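Common to both upcoming complexes is chain A, partnered first by chain B, then by chain C.
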Partner chain A sequence: MSRENPVYRSRIEHYRELQQRFSGARSGDPAWLRGLRDESIAHFAERGFPSTRLEEWRYTNVAAIAGSDFELDGDATEIEIEEASGSPGVRSLKDALASDADSVRARLARAPEAKDRSFAQLNSAFLSDGAVVSLAAKEVAEAPIQLRVPPTRAGAIRLPRLLVELAPESRATLVLVCGGGAGLTNLVADFEVGANASLEIVLLQASDEPGFQVTNLSARLGRDARFRSHTLSAGGTLVRNDLDVVLAGEGSECHLRGLFLGREQGLVDNHSSVDHAVPHCSSHELYKGILADRAKGVFRGRVLVRPDAQKTDATQSNPNLLLGAGAEIDTKPQLEIYADDVKCSHGATVGQLEPDALFYLQSRGIGRDEARRMLLRAFASEILEALPEDSARDAMDSRLDALLASAGDES
Partner chain B sequence: MSEAPESEQSQLERLASSEYKYGFVTDIDTDQAPPGLNEDVVRLISAKKKEPKWLLDFRLKALARFQEMLEEETEPTWAKVSYPKIDYQDIIYYSAPKQQPALESLDEVDPELRRTYDKLGISIEEQKRISGVKVAVDAVFDSVSVATTFKAELEKQGIIFGSFTDAVHEHPELVKEYLGSVVPYSDNFFATLNSAVFTDGSFAYVPKGVRCPMELSTYFRINAAGTGQFERTLVIADEGSYVSYLEGCTAPQRDENQLHAAVVELVALDDAEIKYSTVQNWYPGDENGVGGIYNFVTKRGACRGARSKISWTQVETGSAITWKYPSCLLQGDDSVGEFYSVAMTNRRQQADTGTKMIHLGKNTRSTIISKGISAGKGEQSYRGLVKIGPRAEGARNYSQCDSLLLGDECGAHTFPYLEVKNPSATVEHEATTSKIGEDQLFYCRQRGISEEDAISMIVNGFCKEVLSELPMEFAVEAQALLGVSLEGSVG
Partner chain C sequence: MLEIKNLHASTAGTPILKGIDLSVAPGEIHAVMGPNGSGKSTLANALSGRPTTEVTAGEILFEGRDLTGMEPETRACEGIFLAFQYPVEIPGVGNNYFLKASVNAVREHRGETALDAMDFLSLVREKMKLVHMPDELMNRPINAGFSGGEKKRNEVLQMLLLEPKLCILDETDSGLDIDALREVAEGVNALRSPDRSMLIITHYQRLLDYIVPDKVHVLSDGRIVRSGDKDLALELEEKGYGWIESELASNPAASDARAEGVRG
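Our next item is the complex of A and B:
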């Protein structure tokens, strides 16, 4: 398209050296794995970090990431597995690689390549640990599977990988806490949901430190499969989530939900894409944003309905509240439709707390602050009420209070 | 309902094979520049038009920039349209009817030309005779404006309306002040090309406090083979004035693709209002996508004054490719921008159209209503930007983009961009895509209305919000055009 890749070329050598040292220390790994790492770092070096001249990154400037030399944070790739969720199908990627490298290899081969995703390539260049969740046919994980990416210390990078596979008719709920910290967390996760299986995930990104979080999540749904995601983001300097869902089996259904809170100068960017590849699928997307201070929110929701994906039912909605005088939201809901017998809609709104509603509450003796809190909670509750477990809700609740306090009485 | 798909198919085919009604070529001697783009051609155009030096300089600046852009390959590629690379050296940039008309009365117009307009159904004579609604027509034939009706009557009110070339000679101070002030010569690839080689166009100025007593109208028509039409329109509404401007376009049928890169600039000062309506029916190409107009147009209006208003209404049924984003810069406090659009793509037509509403002033308001109808193998995209600047306190926007799909080989896409930098702004965007409901069709057919009529009714209902914004006589034409384009296309 253009003569030069619109990317940041800086620091590429740094990551190349880092990767060589990393790979060198793991010379005992299978050849295919080392090959994959080398290929990935080459792709990354070719692409560099994305600049705002790329359409997908036009509102999100990663100069702060591209401009620093992040070092590996210890092992840098592990994901902690909570003991309580001791389902036999949950283990670390390291263990899986040691005991059953071939099945991991086959599993990785099924995940999308994402050659044009710099961060995903950078993650693959250090592929060694993370978590693997695989449920057998008809297996039901009763308790939510709890996973946690440890906080990343300042100046450091973490590159964990999560692979999830649900065999037909299995069911699981997964809670993934990205601990934040002041460094860069670069997570890649891939979800494979088999026929008639059901997967619900909660991604919680709450941080009190000025760190960076970049995630690439992809899901592929089989026949009559169901996928629900809840992306909860609050805090940090920069959060960027790419969530790509392919509805590959007829009758499959996905619900993508998100709540993002922005404070101070933070930036939260949610990019989602739903690919209706076959007929009779439905997708429903709801992302809500609340932005205080000088925070910036970005939303991109893309719905693609391929030719022949008839009887598609797709909805998408992105309401936002701007509370701070310098707050900003850039939203880009997109529909790309190539089939005619479909029902698709999207909507996006930007506004403030309704003055009439505030007045109504105040006229009934409720203080202004309390009234604002009630209205904000009401706005957020549509997402929070639907969460499958409490700890994430509590975490978001307390962030909401903090946001309210910092938003003060500005609007 | 079981037989419906078959009849859909046959009707769609019939629609696809319907001939372009305006596909005739007028045989008039034309005075042409050799094909190609260079300084000589630009100087030739300027000399032919006896232009003052400042205008030639403007053109040369644009040409230099355009040549840079060609080298940098900055021809826009982001739109969802595809076409073979255009050879900008293979286009004739100047084509004028040989008999240079400097006309006072219509009777002096070349009879051949007159017959062309008669065939188009906009007979100037007829226009003149219309008693109730008066329409002043400035007809642009290829590149030179041939005649302007009602000129005298408008002059009485101090309204200036005529060809761009005349305006350059008669009112250079106005042209100099406003030309390029809304769309700078370096604005974008096609606008820069236009700035270098524009040949003629229309100019209108409505003085302070005057309400233009009739609708001003221009009729564009591309005639000569291998020519691009690069017209330039400048409409200025001074304080407290009102003007309604109509623009209609057709082109004859040709096998090669013709380029149309126009620039339209509107300026509304304090309390002024401009209503700009377009019915675009350029030749869309045949069912295999051969021929047709590339309609790459830059249209932008600046609401400079407080409480000013600019309203764009467009009905786009023609052109092989449409690339068009009529926009409003809402600079004045309390200014209002509106965009009402119906776009129809059929056969292999591609349209990437929408609007930009840039809110800069306080309490600015904008409304976007876009209706897209896609049939055959048509591809259609709505691409729009609503931008609320940090100082646009209390800005308000409402956007609605609906698409209707007729047939399973077409596409409809929506790419809205909402950028809000002021927390007191309220922005709403809604979009839907659907096909004609079977129950709606069934309801009509059950009452004895044929499928074709039912579709036409439903589509007209779908577009009603936009069509009702058009001035009366245009609305009738637009409805008829939609009817013709839709004949038999059943969803």
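Our next item is the complex of A and C:
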């Protein structure tokens, strides 16, 4: 696949036309917003969909996405806000734009530009709705804020945007369910975590349909800020997540966790990057993968420790289980350390269910299927037990069972 | 109870058991001794259905039914229990959860109702006392971070909970100091009954001071080369395994004759 390929150029024309119609129907929007959309589609058109010749996309071929003319799915950009999350600081991006366009503009300006990210640019080209979460200083959102991107129908695309801002010393938990579906979900989210504030997010991507999900998540942490993420991916044809965290304030820490399950010929790709920009920060990353059938997983974790970032404490771990002879994982930790007084470690493992453990359980009367289920759950439990709420855990539990059934007797 | 006929078994393609004949009546305790590499653990594995051990010839009749080809979990439910030489550590699965699943799987197979959490707890507490096992080990993952002695106690605890008909103890004594050995043996002896048989595999005679066998068999190069009563174990302890082997070397035919003698 190549962006010189004429097929993909014609697809780019498709999105250009789509964007023109979309923007044309919103002629009343502020000039800066229309300008942003136009710039973004131009950036996208220039780059096209990423080819596997790019290092960042080496293992993830998006030909199936690039080769289709996705149409907008209705409004295509909304994020549903659960009533129960009635925090005053949660509203739709559309409402925020209507009532306070300038502050949205300022908020967008603080997010990374991501000019080299084709999917993020495509999302910006249709920027109009999504959700905005902003907590005032010292505000504590007691219940998890529940957000949902509706499922995307076959042949359609959704491009929601999420902007989150936690003022100093505030605290929130956010659960974002990406409903999957048979189409393409292309989400962009940005998180700003202020001084001594604490944000925990759960991104649940569980799908029963052969769809595509691409996300670009970015977070910046102020002094002593804390950020925990749980990325849970199961099902679908292709999932690609980019998560970029900048530890910009001293004493800030992040925990990035993930569990990804692949079945049939699905592909799950998690790319993360942690930028230790200042001293005394810590980052702890743990992504676990279980791949059955002919599924493929990709994990790439980049940790950058800048020259000033002394006393950095960074760990990264990516254990994987392969349940099928055709399953595959490409895992690549990448540490770039330019400071000398730091503590950094990384590791990745690839294995099968332990035959000795399986036999041990069976020798105590526990049936083979149940024994396998127990061992899979045991592997996943480190991620699932740490989740801040139950619904995502239950969703992943049932995916584990489905994966086991799918893996059959291969392992 | 157990009738092994001309059992041949291989591990990773290498023949290990080369024709074992052994018969254990209900209520009997048999000890199987032998030097390293003689096939003791392979015998235990063949009986319990470990996939890495392949039975290439012969029969294992348990209460008249042939076990070869039966899944390990079915054997366990039918009443065969192997106390592992090296109990497996399984991080992520709680010991308590595991033991309850195990007990209820076996109960279900026997047509009994599953124990609820309360009933299970009181049962497990009672049995833990017998093997002097601290409560906290129930809340940890299976064998994870357990000391050698704690692992062996956990094995005997499982045996007490499942109340098998045939207990196979694979070097349960190895790595235990004398106090731990005595306590573990106490747990095993609590299970002695006229309708429960035991096969005690050991390298050392010491265990047999605490669990006194009805018969002792000596295994060498995959065959039972000598059988006798508990005194054979003492003789072996005194003279060493070299004694048996040098005797065999001088008169190879004797081994077959003696093995024949213990049949039935």
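Everything below uses one rule, namely that the second predicted complex is superposed on the first by the 401 of 411 C-alpha atoms of A that agree within 3 Å, B and C clash if a C-alpha of one lies under 4 Å from a C-alpha of the other, contacts with A are read in each partner's own complex, and residues count from 1 in each chain.
To be clear about the criterion, a residue touches a chain if its C-beta (ideal position, glycine included) is under 8 Å from a C-beta of that chain, and two chains touch if they have at least 3 such contacts.
Everything quoted here is computed from the prediction, not taken from an experiment.
S.K.: Looking at the overlay, what does A:K332 touch: chain B (first), chain C (second), both, or neither?
M.R.: first
S.K.: After lining up the shared chain so the two structures overlap, which partner does A:I366 touch, if you call chain B first and chain C second: first, second, both or neither?
M.R.: Once the two structures are laid over each other on A, A:I366 reaches chain C alone.
S.K.: Is A:L108 in contact with chain B, with chain C, with both, or with neither (first, second, both, neither)?
M.R.: A:L108: touches no partner chain.
S.K.: Is the number of chain A residues in contact higher for chain B or for chain C?
M.R.: It is B that touches the greater number of chain A residues.
S.K.: With both complexes overlaid on chain A, does A:L323 touch chain B (first), chain C (second), both or neither?
M.R.: Only chain B; A:L323 stays clear of chain C.
S.K.: So, A:A386: does it touch chain B (first), chain C (second), both, or neither?
M.R.: In the superposition, A:A386 contacts neither chain B nor chain C.
S.K.: By the touch definition above, which chain A residues appear in both interfaces, chain B in one complex and chain C in the other?
M.R.: On chain A, the chain B and chain C contacts do not overlap at all.
S.K.: Using the touch definition up top, name the residues of chain B that touch chain A in the complex.
M.R.: Answer in residue numbers: 72-73, 77-78, 388, 390, 403, 405-435, 491.
S.K.: Using the touch rule from the top, collect the residues of chain A that touch chain B in their complex.
M.R.: 1-3, 55, 59, 307-308, 310, 320, 322-352, 410-411
S.K.: If we count contacts the way the header does, which residues on chain A are in touch with chain C in the complex?
M.R.: These residues of chain A touch chain C: 354-357, 359-368, 370-371, 374-375, 377-379, 381-382.
S.K.: Hey, which residues of chain C end up touching chain A in the complex?
M.R.: Residues 48-52, 71-73, 75-77, 81-82, 84, 87-88, 90-93, 98, 101-102, 105-106, 109, 141-142, 158, 162.
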